[in-house]
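Each of the next two complexes has chain A plus one other chain: chain B in the first, chain C in the second.
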Partner chain A sequence: MTAVAERQGYRGAWTQALRSPVSRLVVKRLLLAIPIMLGVTILSFWVVSLIPGNAAQALLGPEATPDQIHTMELQLGLDKPAYERYLDWLGHAVRGDLGTSPVSGQPVTPQLIDGLAVTSELLGLALIGALVLAVPVALGAAHRPGGLFDRLSIFVSMIGLSVANYVLALVLVLVFSVKLAMLPAIGFVPLSESVSGNLKSLILPAIAIGFPLFSIYTRFLRGDLVDQQQSQDYVVTAQAKGVDPWRVLVRHTLRNSSFGLIAVVGLNLGVLIGVTVIIEQIFALPGLGRLLLQAVSARDMVVIQACVVVFAVVTVLGNLAADLLQTVLDPRIRYGDR
Partner chain B sequence: MRTKFQLMAALLAVVLGVAGLAACSQQGASSGGASPASAGPPQRGGHVTVLKDSSFDGSWPTGLDPATNATGGANIAQMAAIYGGLFQLTANPDGSGAKVEPYQAESYQYLDGGKTLKIKIRKGITFTDGTPLNAEAVRFNIQRDMDSPCSCRPLWLLAKNGIATEGDDTVVLRFKIPTASAVNNFPISNVNWVASPTALKQMGENKFRLTPVGAGPFKVVSDKLNSELVLQRNPSYFKQGLPYLDQLTFKAIGGDQAAYQALLAGQADAFEGMTTTPLLDQATKNSKLTVTSQPPTSPYVIQLNTKIAPFNDEKVRQAVYFATDFDAIAKGLFKGKYPVSQSFTAPGGLFYHQTVPGYRTYNLAEAKRLVQEVGGITVKLGTLGDYVARQVNIALQTQWRQAGINVTIEDYQLNTLVQQFNGGKWQAMLQTAGAWDPAAGVGVAFRFRSNSPFTGVKDTHLDGMLDQAAAELDSAKRDTLYTEAGKYISDKAYAPFGLAFAPANLAVKGVYGPGLTTKIPPMVVNPGILWDQVWRSGK
Partner chain C sequence: MAIAEATPSVVAGAPLEPPARTWLRRLGIIVPAALIALVVLACFLGPLVLPIPEPTGGNILEAYLPAFSPGHILGTDPNGNDILSRILYGGRNSLIVAVGVTVVGQTIGGTFGALSAYFGGAADTLIMRVFDVFIAFPALVLIIAVAQSLGPSVTTAILALSFFGIPAVARVSRAATLSLREQPFMTAAKLCGTPWWRVLLRHIAPNIAPQLITFAMLGMGLIIVLEGALSFLGLGIPPPAPSWGNMIAEGQASLSATPMLVIWPSLALFITVLSFNLLGESLRSLWSAR
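Take a look at the complex of A and B:
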């Protein structure tokens, strides 16, 4: 009797959990991800097929004649219509088989896993670093708008917003690797080899990606904080009650301002992926961005599609995580409520 | 590809600024050019990391199997380090006296007026898997290379059963026509690299591409495609006491600027093939680096598509000759560092002559007159998007406009460029022509023979002249034949030639080696560094 009740209790809890707004949001978003993924892969397949050259050209070399290329295209099945090749790829991909590169002859999945490990660590460091620094700086700036710290933060942020990542990367290398000899200019040390070596190898690329992010987040959060401070009744009430201004800012205003920041972080993920392509190239990091770039150069559609899928999944999941975080922080948001 | 292009463009855009900053960090000026001889006797041991441009020689997307490495012409360094080579190009430290010498081969002999080539293989050489590198292994490899669809194989017309062995140490190649340049062709084609047939069969082609087995100075430790190749000393290398280094690593990097900074930061020891001239100026003044500019072998040429308008009209072609002032470009843009050629040869290569009799040099008045006479000229001038080519193209546009020629310029990525040639609708292309031996690799026939997909000329008389020169065994007669071909191209105004540029190698002080810190003419683009003789001091 007790066991049955317990089982029913579990089932009830599960049913309740599955019916909760958060679960519905997750399921809804994951279902929505399917057409998004299809759309993204179709688009990338179509765009790459418009670029001159293909894997046959890459296999034969630049001196190959049109006849040789045509023969190789027949061998690789590149003569088939694009939709047929896409469906063929899709059929394998949904079964977890991302295929073998026709250019290198190597299976794609191990390459993806290796690249993803590097890129996710790089992006994670850049994002976390940018957020960890942006929040206190924005708070400091919003505490006294127009003050010295605010002006200083505007100046620094403007530099971050104006300087392109690749310029920043080269300047960072010049200062920290060439002049000060503190950090490596190129290369990647896996975490399994050395924790400190791994961190050192990623600091400069992470700053090159993270500094502009820090600037965006700082400006965005500072603006929202100041806006809330100046226009919201709850702030005036708290101040009237004599609550310490820092406490109002940190305990109340920051929480409300963070919703927008979370949305910006989620939206930025897609842009970040583009940036990694350039930064990984400059710092000779064997990440996913570099793999994608090389695959595009070789018109290696199998690898391109695999990279695109991974990037799309990361973007979709990142945005989902941002939405979930917002529902946790903001009781007014109830995704999935009928 | 586009992203890659944008990256390269962006990097170049900041070159001057960051290079300026870099210059501030340099103490004192020193000129490069430390030769191994001046550095004392070579030392054993140590590790050297060599950077390679990820958009060119730092890219090996199809792996390092000689039969399938479609970018083998660019990956000569990696291939030579792993396989050694049957032949190699050597030269005096100043680049003079360059010649192709037997290496894993012991000797060679042309017979039947150049229709047969006998190559004797050195005895006692073994692959790193312990199996012998003998005539049968060489025959197996050459046959496999010639059967491969990869365009990296030489364009030899072999007779039926044209690859055979005689005994255990001799390979015989029989050609349908005399092929006097066959030996000179070896160092830049896949037939030079002999892979272990046993390892190939055991591993299978796909695995072999990643972990190839050769008999060169180094063997593969790890290979991350297009990223990093780690090699270690081959203890059973056939040359006593060589290689000097214990380890050699090739690492791909995104362009000249990033490579330059990595060298300054001490993250790498050498960079092959720098082309960004402002950076080369900086590097030359840097006391930490040795800069070795290689003797050029392939001059720039403005290919004119004589099959379609407007260049099917000889007067239009003549107008372009008269409107082009490569001397001004060489002086103005490149401070006179690079010589100007009037034919498909350059100072570092064979059969070079500074001038071609009757060559149409810059004459603005004559160019204007011809432009008026033909009723105006509108032309699109393309090129492959590298730093020097883009600079030259912009200068040409300015010069041609002064003569009244309406010209638009365009940079292409390699794939798009190939597409343009295959389409046959292109009008003018700034390219490089020739090689160390005009009949080898991307030689003169590549740009001028009627059956090449990359030619703008269809002239059977010129085809005959080039074929005759390529077949001639006597060097003096070959020189005469190529001189005549150069004059014929000039007379028919098929393509104006320009400055002869060759990339430079950078090495940190204390690293030495033939081709790295001494001069060896590039067979096509980069020189063949003799990796077994590269060494470093103090480590």
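Take a look at the complex of A and C:
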């Protein structure tokens, strides 16, 4: 008996931790994400190769002779078969080297990190703002379904769902920059330069991205809360015990509904990243989206490839994070009762 | 049909919905459906019936006319083209693309999703993993690449947006089919030796149709917005041909001087998308209430 206990102690906390249901699931999900990531990079390689005109031609201009183009192709390694180029690229990419842009002659990774910083700040502001507003609004709406506040929230979120973000962006510019002259229409001030300037330059684009998001989250959470309130036994039990209705809503129902909300947030990331491309273009923000569009017009394959992969990887990681958060938060899984 | 549905609730003595509710519910379907019909008619028949100038080749001397000018109800753009005419012709393109993507997405995505759920096992895993990759892939990036490689046109826009539509519909169709799989009528059909394609067409399709139609309505709105985004970036309908997206993009250049150039096409876009969303929502609540 004691020997067994000692042996278990000797094995240490590591083994124990790895055996817990949560970590088993986490490891499983992480392993599942690898083929998806590989698939995404292969797909992006293929998609980028669809774009007509090759880098050699783009670099040398329209007057280049076929001979010159051929030499350049050899230099860039374009003569190798696609799978060889892919493996070559993958080998460098996993070590953080995404190549050197043949157009600007600069290494891509630092450019990408700069862009990613702007884009993630923008997305972070939009996401957090949308969530912080959506949760109380959905709670207020679900407290009395069919009430005045509920109808108002449905009305507002329907507008948010139907307005195209680029239209919203232009309307915001028209109102706050052109008419009221309160906020800058374009440009970006880095956080290191001025905190208030930085926030001012990001607030309109963040609203343009965040308002539709707020609408999606509010609609989903309200619907889920109302469903649970009307159909679940635990709600009836709590109500029968005489628990305050707000407390039932916040402590009981919201906890359950938050799982669905987390999934929605994760699933939306892919769409969201597409949205930033257009919003960054409108507000002239030096983010990943603008880097990508510039690269597309310059036919800079290396940069396009890098941007696409970063976008895709962020999406996969976002989904994974949402997935894991759900798993870890679910007590049925945490305590191994499955 | 309507009588057959109404009678049982009376017979069963179930509480009837108050008339106001029923009316509200009907209005929720009639109003957006009528708006959509209006937009479709205006875009496809309007230019044939009404005395409206061509959307391109306007007189440069008539540029920047304000709204309610004689002959140009909504005024003209920087090239002297009639704005109303451009909105109507642009709406044609948006609607054609939206319907095209919806048809492609529903047929291919719907079939794959249903098959995947029906057969299950390795086929299911493989199909859904492939679609997972597509879903993980940033939609707009894929669309940009396809649009770039094929050159901007209506067909390209349909193809590019289908990449986004097919996996989304497949997920919905798979989820809907999964919930049917254990139903007795499915077992009955299998026991009768019904071939899989017949099960798919006669047993699964009618049952998942409500979910798919609802999703199609919500999807139409989304596709119109995405098509606008594509044109906005200069990758959709090539100018001078009009589309709501490229009209908004052209108007953006002179936003402070002539905001109406942006506002008119934006309004058209907003009303159309809102109608599709409202219709989808109403259909969903109608079908889920049963």
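What we mean here is this: the second predicted complex is superposed on the first by the 300 of 338 C-alpha atoms of A that agree within 3 Å, B and C clash if a C-alpha of one lies under 4 Å from a C-alpha of the other, contacts with A are read in each partner's own complex, and residues count from 1 in each chain.
The rule we apply is simple: a residue touches a chain if its C-beta (ideal position, glycine included) is under 8 Å from a C-beta of that chain, and two chains touch if they have at least 3 such contacts.
All values reported here derive from a predicted model rather than from experimental measurement.
Aligning the shared chain A places chain B and chain C in steric conflict. When the shared chain is aligned, no partner comes close enough to touch A:Phe211: not chain B, not chain C. By the touch criterion defined above, A:Ala64 lies against chain B but remains apart from chain C after alignment on the C-alpha atoms of chain A.
When the shared chain is aligned, chain B comes close enough to touch A:Pro286, but chain C does not. With both structures placed on the common chain, the touch criterion links A:Val167 to chain B and to chain C. Of the two partner chains, neither chain B nor chain C is touched by A:Phe220. Within the superposed three-chain model, A:Ser44 lies in touch with chain C and out of touch with chain B [touch as defined at top].
After overlaying the two complexes on the shared chain, residue contacts for A:Thr315 are found with chain C alone; chain B is out of touch. Contact with chain B, but none with chain C, is seen for A:Met72 once the two complexes are overlaid on the shared chain. After overlaying the two complexes on the shared chain, residue contacts for A:Ile186 are found with chain B alone; chain C is out of touch. Of 203-211, 239-247 or 275-283, the segment of chain C running into chain B after the two structures are fitted on chain A is 239-247.
51-52, 164, 166-167, 170-171, 173-174, 178, 274, 277-278, 281-282, 293, 296 are the residues of chain A that lie in the contact sets of both chain B and chain C, per the superposition on chain A.
Remark: chain C residues 129-130, 132-146, 148-149, 221, 225, 228-229, 232-233, 248, 252, 255-256, 259, 262, 266, 269-270, 273-274, 277-278, 281 touch chain A in the complex. Within the complex formed with chain A, the residues of chain B that make contact are 1-4, 7, 10-11, 14, 17-18, 21-22, 25, 51, 54-55, 59, 61-63, 68, 70-73, 149-152, 205-206, 209-210, 224-228, 251-255, 257-258, 261-262, 264-268, 414-416, 418-419, 422, 442, 446, 453-454. Chain A contributes residues 35-36, 39-40, 43-44, 47-48, 50-52, 158-159, 161-167, 170-171, 173-174, 178, 267, 270-271, 273-275, 277-278, 281-282, 292-293, 296, 304, 307-308, 311-312, 315-316, 319 to its touches with chain C in the complex.
Those residues of chain A that touch chain B in the complex are listed here as 51-53, 57-66, 68, 71-72, 103-106, 164, 166-167, 170-171, 173-174, 177-179, 181, 184-187, 274, 277-278, 281-284, 286, 290, 293-294, 296-300.
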